[in-house]
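As C-alpha cells, the structure follows; a few thoughts come after it.
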C-alpha cells in the first residue's frame, strides 16, 4: 500500500525502472514511482516547490547542492559512479575505424572534418558540460593543443547540440557518428563504445584536484556576468528529502542503494562504485 | 460537383492535395525505415497500463470538458464587448503558456505546498501524481482548445434557428441543445477531435503534475530513455491505433450529418 | 370567433405602434419593408417590443405558433421531426403525421428540408407552427410561393383547423385574394395600423389613398369632391357609361389592359378582347359602378 | 437577447461561467504567488532572441500552413467516402503522435543520414538545428490542427452560396475565396488561433529537430534547467504578452464580422 | 425580340425533359414541387442536366443571371457589394448603384442583408442577377413576397432593362397576373412542358385540364362534348344567361364568391353584392361568355 516517489537523473532510467525499483519493492513492499529527467532541471523543480519527491538521485554534486541550498535535504550519499566513454554509431562510416582504434587514435578520428559529433546543451545539461570537460582533459592528456576547441567549436555549437532524449536516438539511427557520454547510459542502450583513460573520463575522485580541475568552462549568466565552473567526478548521490511523505521509507530507499543489494544491481547495469564522501 | 469535371485544373488540384498529404504522411515512413525489430517488440505491462490510463483519463476529461466548456463557448460565441474579450483572453492563456510553464504553475497552485492543494489534501484528494492530478492536468491542457474551437463552430450557426426553437416552446438552453449544437455539429466534431488529441498527447503539463499514473506520452518518454529509439516504435504504432478511431469516427459522423 | 386585442410598441428596426384586433383569420397588409415581419417577430417575442399580449415575456412562454418568412426548417431534422418539434406527448409523431396528412405532405415525412421544394418547405413550416400555436398563429406570408390550387387547399385546411380549435390567425400577406377572403384585415403603414376591421368593411370603405393602394385598388381618383377607388377588373364597358379615350392598350391573358383618360386616368381590365379593337385614341364608354368611396 | 432577462437562471448561468473562467485563470495566480523576484528579472539577450525566433518562425509557418492547409481542408469538408477517410487519418496522425515521437521520426526522415535529408543537404538546406528545421517542425506541429479545425468551419458553410457565386462568374477557387472563406470566418479564425498557439507553443518536436535556433518554449526549458523556476516567470509573462494579441485580434475580427 | 431555344433533360431530383422557347419575358408555371426550381438550377449549371444551351458547361461559364428562390444574398457583403458581385470593371460600384437606384433601393446600399426585409432582399438579389446576366435571366419567383405596387414597379423596371439589352427572361412564378402580362408562357407538369407559346395564345386555348388549372382557371367544365375553362371573375350575371342555382355564397372584399350548380358546377366571383341577396337555393342567370375552349 505504501509508495514513495524517486526523482533521478534521466540517464539512470533503465537501471531504476528495471533494476533498483522493482528490487526495492520486492524487498520492502513499498512501491516506487520514478521520475527520470535532467538532474539540474529536477533540482530546480524540487527547490522551486513544483515537485515533491521523497528521494532525489542526481549525478554529480551540482544538483545535490542546489537542493541542499534550498534547505530541503541535509545529506547526499554517494551511491554509484560512472565514467565518460566514447560512443559511436554502428552505422557510421567511421565505425570500422572506431572499432580498430587504440590509445589516442580516436582523437585523430575526432579531428576528421567529415565527422558529425553530437552533444547536449552545456548550459542546461550536466552531460553536455562533461563532454567539453572530457575533450579538454583529452587535449591535455594526449598533448594536442586546443583539441577541445577544434573538435567542439563554440560552446553552443548548433551543429552539435541536440536535446538529451534524442541524442542517443540519433546515434542509433546513424545521424551522428559519435558522442561522449555516460558509460552507464551507453551500456544500457547497447551501443558500441570506447573506454577513455581515468585522466579523461572524470570518474575517479582521486584525480579531482590534481587533474580534473584543469578543465573549466566559462558560462554567461543571465545577468551578464560570467561564471567559471570546474568538473566534479561523475558520482551519483542519493538524498532523502526532509519533506518526504514517508521519511522512514525514504531513508530506507537511500540505505538500500548504498547497501550490498543495491550496489550489486548498480554493478550489473554497468555503474561503478559510489566513491568519495557524502556532502 | 464532379459532373463538370474540367480535367486539367482538377489534375493540378489532385496533385497538390497528394503533395500535402504525402508531406504529412512522410514521418510515418520513418517507423519502417531503420531496421526496427518488430518481431521482438512486445509491449510491457507498463505500456498497456499507460494505454489504459490515457484512454480512461482522456474519456473522463472529455466529459468534464464538454460540460464545462460548452456553456463557455456559447458565451464567447454569442456576446461581444470587453468582458468577452477578457474571458477569451483567460481561455487563451493556459493554451498559450508553454506547457512546461503551465505544469509548473499548476504544481504551484494545486501542489501540496499551496493553500488550495492543502485544502484538497484535507479532503483526501491529492493533486500530484494521482489519477485526480492526471485528470486535472488533462482538463487544463484540453479545455481551452475545445472552448476556442467550439466557440468558432457555434458562432457560425445563425441565431435564427435557436430563436425559432424558442417560439416553439424551448427555453434557451434546450433550444441550444436541440438545435444549435446539432447545427454546429461539423465544427463541434472538429473541436472534440482537437481536444481529444490534446488530452491524449499532453506531455509537458502531465510531466510535472502527474508523472504518475503514466499516460502514453510519459511512458513513451520513459521508454525512449530506458530502451532507445527502435524499441518505442511499436508503442507509437499502438498509440496511433488506439487514439485514431475517436477523431475518425467524429469526422465520419460530422460528414454524415 | 375567438379574438385577441393587440397593442404593441416597437422601438426598432422600425418605430411602430400597432393597435388592432385579431379575430378569426386576419390578414396584415403593408408595403414591402413597412414592418410586417418586425411586428410578427415582436409578437413572437423575438424583437424587443412592449404591449399586450405577453409584453416582455420570453418567446418560449408565449402560446403562439410562428411561421417565419424564411421558413427556417431545422436542417438536421426530417420533415416529420420538424413538424413534431413542439409536441411533447408520446403520441407526438402520430399527431405530426396527421398534420402532414392534412397538407398532403405525408409522402415527404422522411425527407430532409434540403430535399423539399420551396412551397413544400413552406407548408411543413406551417404544420410545425400549427403544432405549437395554442392562442395565436403568427404567419409571415403563408401563401407566398404557392400556386393557386395549393394555396387554396392550404388556407382552407388552415382556416378549418383554426376555426375548430378557436385559434385566431394573424397572417402577413401580399395576396389580395387571401386578404379579400379573410375575416379581418389590418393595414400597416407609416408605423401604425391605419385601418382594421372585417374584410368587407375595409374593402368597401378604404380609409385613405394609402389604404386603397394596400388593398390592391388599381384606380384611385377624385370625383365630386370625394376620393374613389376601383379595381381595374371592376370597371366595365357599358354602352350607357361615361366617355373615355384609350391611351394605351396591352394584351394580358385572354383579356386586355387599357389605360384610359383623360379625367380620371383609369386602368381597366377587360376579360376579353383584341388589342386591335382598341387603338389609342379610340373612344369607349365605361361604367364605374365597381368603385368604392374612400373614408 | 438581454431584454427578456429572467433573473434567476441568468445569475446561475453567470455564476457557472465565472467558475469555469476562474478555474482557467487560477494557474496564473501562481505567477504572483511565491515571491518571484520581479525587480531583478530582466530578460537576457537569448530570451529576446528566442522571442524573435518564435514570432518570426510562427508567422512564416502560419503563411505556409494557410496555403497548404486550406485546399486540404476544403477537400476534407466537401467530399465523402473512403479516400477522404484515409486523407483525414493521414492528417490526424502527426497530431496524435506524441510530439516526442514525431520529433524523432522527423529527425529520422529529414536528418542528414536519410536520403531526403541528404538531398536537401545537397541543395544547401540543412534540416537540423537551423531556421529551416525550426520552420519545418513548426509546420508539422501546427498544420494538422489548422486543417482539422478549418475543415469543420468550412463544412458548416452551406454550399449554396459558393454555387451562387459560380453562377455570377466565379470559378470554384474564386467563389471559395470570395464567399466560402469569409462565411467560415468565425470558425476559421478559431482554426488560425489554435494553429498559432500550437505553432508558438510547440516544444516536443522542436526540442528534437530544432534545438537551435531556440524558440520561446525551448528557451524557457533551458532557463528552467539553468536558473530555476522563479527566474523563468518573467519570460512566461512576456511569452503571453507577445502571443496573446494574435488570437485575441482574430477573435475580435470574427465577432465583428 | 431575342429568344433562346431550350431543350433540357434532367435525371434528378425529378425526371424531366423540358423543351420550349424563351422569348422576351417568359413565365414558367407549374404546381408546387413540379420541378421549376430544378429546371432553372439545371439551366444555371447547378444541377446535372443535359441539353442546349450550355449543356455540361460549368456554372461560371454560362452567360446567365440567376435569382435563386431563397434569395441567398451573401451575408458578409453589403447590399452594394452584393449587387456589384459579378461586375469587374473599375466602375463596378457606380454600375451597381445605378441598378439599385432603378429599384428604389439606393438608400439601403450600405446595409447588410440581415438588415433588409424579405421583399427588399429579393429585389437586391434581382439586381445582382441582372448585373451578370448577358444572354438569359433565370428568375425563381421574382415577385413572391412583393406587394402589388412594388411588384409592378419591379417587373416594369426589369422588363424595360431586359428589352433594352435584348436579354430574354425566364421567370418561374405562381402569380397569374404576372403570367398574364408576360410575352410567353410555358407550363410545366408531369416532367415536361405541356404547353408553351405567347401568353395570349396559351391563355385563350389551354391545351388540357391541367394546363387550364395552371393558368388559374377556377372553372373547367364540359359543354357540348368539349372542355371549357372560365375564370370565376369572367362569368357575369346576365338577364339573358343560363339558369343556375346558388349552392353556397361567401363575401370576399367588396364582392361575392358564389358556388352555383348543378351542371356545370361553377365558381363565380361578383365584384359587388351582399351575401343576403343570394341565399342558397336562389336562382340566378349567368352568361359564360368569358369561357375559353380547351385544346
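When the chains are written out, they are named A, B, C, D and E in that same order, and each has its own residue count from 1.
Everything below uses one rule, namely that a contact is a pair of C-beta atoms (placed from the backbone, for glycine too) under 8 Å apart; a residue touches a chain by one contact, two chains touch by 3 or more.
According to UniProt, the chain labels map to these proteins: B, D = ABC transporter; C, E = ABC transporter polyamine permease.
Note that this is a predicted model, so its numbers are computed, not measured.
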item: Neighbouring chains common to chain B and chain E, by label; value: C, D
item: Chain whose Cα centroid lies at the greatest distance from that of chain E; value: A
item: Chain whose Cα centroid lies at the greatest distance from that of chain C; value: A
item: Two chains joined by the most C-beta pairs in contact, as defined above; value: B-D
item: Centre-of-Cα separation between chain E and chain A, whole angstrom; value: 88
item: For chain B paired with chain D, centre-to-centre distance based on mean C-alpha positions, whole Å; value: 13
item: Separation of chain B from chain C, taking each centre as the mean of its C-alpha atoms, in whole Å; value: 53
item: Multi-chain contact sites of chain C, meaning residues that touch two or more partners; value: 45, 58-59, 70
item: Contacts with two or more other chains, residues of chain D listed in rising order; value: 34, 100, 104, 108, 114, 183, 221, 224, 229
item: In chain A, residues with contacts to at least two other chains; value: 45, 48-50, 165, 169, 173-174
item: Touch list for chain D against partner chain B, complex; value: 1, 13, 16-17, 20-21, 23-31, 33-34, 68-69, 71-72, 75-78, 80, 84-85, 87-102, 104-106, 108-109, 114, 116, 140, 143-145, 148-149, 151-153, 155-157, 183-184, 186-191, 193-194, 197, 200-201, 203-204, 216-217, 220-221, 224, 229, 232, 236, 239-240, 243-244, 247-248, 251-252, 254-255
item: Chain D-facing residues of chain E, complex; value: 44-46, 58-60, 62, 64-66, 68, 70, 72, 74-76, 85-86, 128-129, 132
item: Contact footprint of chain E on chain C as seen in their complex; value: 13, 29-33, 35-37, 69-70, 115-120, 123, 140-141, 144-151, 174, 176-177, 179-181, 199-200, 203-204, 213-216, 231, 233-234, 250-255, 257, 271-272, 289-290, 292
item: Residues of chain D defined as touching chain E within the complex; value: 160-161, 163-172, 175, 178-179, 182-183, 185, 257
item: Parts of chain A lying in touch with chain D, wherever the complex brings them together; value: 38, 40-41, 44-45, 47-50, 66, 91, 116, 121, 123-125, 156, 158-159, 161-163, 165-166, 169-170, 173-175, 222-224
